[in-house]
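The same chain A turns up in both complexes below, where it pairs with chain B and then with chain C.
Showing the complex of A and B:
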């Protein structure tokens, strides 16, 4: 059974905006990181869907790249969260605002 | 060939840079290196002598400035002569300086400056175009500034250096305007092109260029009324006075007029101006030389007077005679200054002749050096100065200037008087070193101001004596080159280089040259005799202290203030400039310049205050801003897509 590409794109858009909402609204850095992953995967889904539609493997290759970068980003992001926690003794993003002008 | 020329030109620059960079490591080696470089340049000039000693000489193109205008070097008979003196006499003075500056902490700096000066002077005389000449002209002024102000902890030295620099720059401006006029009229900057077109220049341009050039020459060569810096420049170390303010730099004006002979030959008006200014300087310098008590100032005013002779010589069109006087003067005046330096050094920086006296027995070498130099400068028969001075004096008559002729003879007499006044006061009579200043009417503080420089170590004596001894030979003999008039080696050396002056065809000469020489000798003898009677005779020597005191007290104010030239310049130019500067400081500076800076700073602050609100430190708000931006971006492209209907 062939699923229409519009469904994939719609799902991707919904996932992406859930991720955006998570980054903008949540104050827990772990949730924010998860939301960022969600946005990555929304983009991945769109890439794979279009790749199938146009019968072009470039999209697949790009997805692998994104997964790799996402892994690295998650590692660095978690390391930063740990470092911030050690310094600030909390994990509330709004409390960690030492760079305000 | 031309590689040698480049070497000749660049060696002193390389020496200056090396000494400047490695001065602390070189220590006194800096002096030897500087001397070696000067003599190496001299050797290059000697090697080039056979090829360069004619009107065309040896050339070397350096590069293109603006397409169509090239810079280059040219060593011809005239510049070769200057090059030999600059590097030869300069080299001797370098060696002398090693002894004179032996215990100075800044020895390396001194030699870096000296080598830089030699390079600058070579740039001036070797350039084959007027722009290169101007560059050399400026560099020489800068080198002179460095060296006069060498002892920068002496306020008088700093003031003298500044004064010399400002007056020199005034001359540079005159030179620059002459170059503008010549360029506008001929469309070229090279000497060869300008001289080729000299005959076609409009008379106004010609006179303007000649006068502009002479303003430059007058400032550099200490001609009235731009002479006031030269006596003050004696604040520099004595070797500097010998090299720059006697032998080489101050004669650059003579070089300039001789170099531009093809222009001056065409303009009798400009020639008259040059020769009259030269004559006025000659007389003024001699009169002021009579009224000095500082041994270096006596020599400074005599330099001014002798340069007046040279300028008068080249001004009337007697170029060979004027240049010959430069040549002989370089030797005997360097000799006199170096001899004076030996005395000053031995007396621990005492420069006032009233505190000397009786040095004949203490310093026989210095006495003979000074005596030979003095005999040469007053034009004693068979000494170098007599040939050149007689040639100038007779040249004025040949070119139809009887007034200048009599001025020249009169000045020769005054010169003889004040030079022998110095000899008698310094070397004869009782030693007055221990006589209190009040008895000699010496105003306190005394002239010596840098005794701290001479701590303990003293150089071996031969270091300062050898150059003086070498200079004795040309001091006596340099003039012999011109024996035989027009067929002498000197006149054949220059050949037709200077062309002929339009005013050469004067009235028939009333006096033959030999008789003219006899008149000069007679006047010189009168000068020497008067000096003897006033300072040298046994009766004058016994009462020397009272005599000198009486003379110092009775010195007319007009002589003491050097004809008020400094005061006039001060009132006419310096004070108004200072007032203008003060007015600008009071008005424009706080209300325009500072206000502008303050306003710019305030604007930056205000913008920053607004922009600060954006940086609240909340990561979520940054992310939201990002989302808004992305949304705007997408909306824009969506709108574009709608516009094209796709």
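Showing the complex of A and C:
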């Protein structure tokens, strides 16, 4: 292997924390959902890199599972955004505080 | 090596672009670049089936879902108001904790020796080979054999998760009052009374 696996894992960590910053800092729920997708993909990259290090395709199967979970999560998250928009006509995450307790 | 660094730069740049754009449509373009670059990285890691799945499922299906929802909602959404975001008081501690965690991860990754595993570690029995040849590590045959024999339980769980997601989406985003489907005349009046998904104007 030409490139060390540590490089892939460091790249995955950088991408994951960019996603964390997006989730914490943005107010648009669509961009927050996209940042969550970024975090899923960072985890996938680490799984594929470790799976390549130990030549074992259990990691590939788990990436498959993660992609499925990400698809389900995106569908349900976008459905929640649409439902909130229908009810409140506003999806700014600062304004949507209906469950604020 | 050069390929890896080029792909890594594109990956990080497109991630930053995705997070920092004001309009979600630009973010989708950044995310598309990100996913295609990630698929190329999967190919460099001998995971050819996952690279194809990444292009088809992520770039083809999930991003299309985002684009459709943006098209559905953007007629009613104005630009977001300026000002501090929703975490004005804990922004500095959150940033410090995030940077510390990030530094910890990078430090750990770069200083722990990720040595090659022992020989007996490869329990899947697949062998490394060039991407594109049949039945090597990461090819469709290798992945399918693992998925339908040793890893059958995660596959079934996948099916269950998708079913739960379908039911949840229909419950959340479907019509609040389901229309009656008996008789075309009744259905027409009923659908005229229904609230439109996006109100015109405003």
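By definition in this document, the second predicted complex is superposed on the first by the 100 of 101 C-alpha atoms of A that agree within 3 Å, B and C clash if a C-alpha of one lies under 4 Å from a C-alpha of the other, contacts with A are read in each partner's own complex, and residues count from 1 in each chain.
The rule is simple: a residue touches a chain if its C-beta (ideal position, glycine included) is under 8 Å from a C-beta of that chain, and two chains touch if they have at least 3 such contacts.
These numbers come from a predicted model, not from an experiment.
Of the two partner chains placed by superposition, only chain C is touched by A:82; chain B is not.
Looking at the superposition, the partner that touches the larger set of chain A residues, chain B or chain C, turns out to be C. Contacts of A:94 after superposition: both chain B and chain C are touched. Of the two partner chains, neither chain B nor chain C is touched by A:43. In the overlay built on the shared chain, the residue A:20 is in contact with chain B and with chain C. In the superposition on chain A, contact is made by A:52 with chain C only, not with chain B. Across the superposed pair, chain B and chain C both touch chain A at residues 20, 24-27, 93-94.
Of all residues in chain B, those touching chain A in their complex are 611-620, 623-624, 627.
Listed in rising order, the residues of chain A touching chain B in the complex are 20, 23-27, 32, 93-94, 96-101.
Put simply, chain C touches chain A in their complex at residues 1, 4, 8, 11-12, 15-16, 18-19, 21, 24, 27-28, 31, 34-35, 38, 41-42, 44-47, 49-50, 53-54, 57-58, 61-62, 65-66, 69-70, 72-73, 76-77, 80-81, 85-87, 91, 94, 98, 101-102, 105-106, 109-110, 114, 116-117, 121-124, 126-128, 137-138, 142-143, 146-147, 150-151, 154-155, 157-158, 161-162, 164-166, 168-169, 172-173, 195, 197, 199, 202.
Listing the residues of chain A that touch chain C in their complex gives 2-11, 13-15, 17-22, 24-28, 30-31, 33-35, 37-38, 41, 44-45, 48-49, 51-58, 60-65, 67-76, 78-83, 85-86, 89-94.
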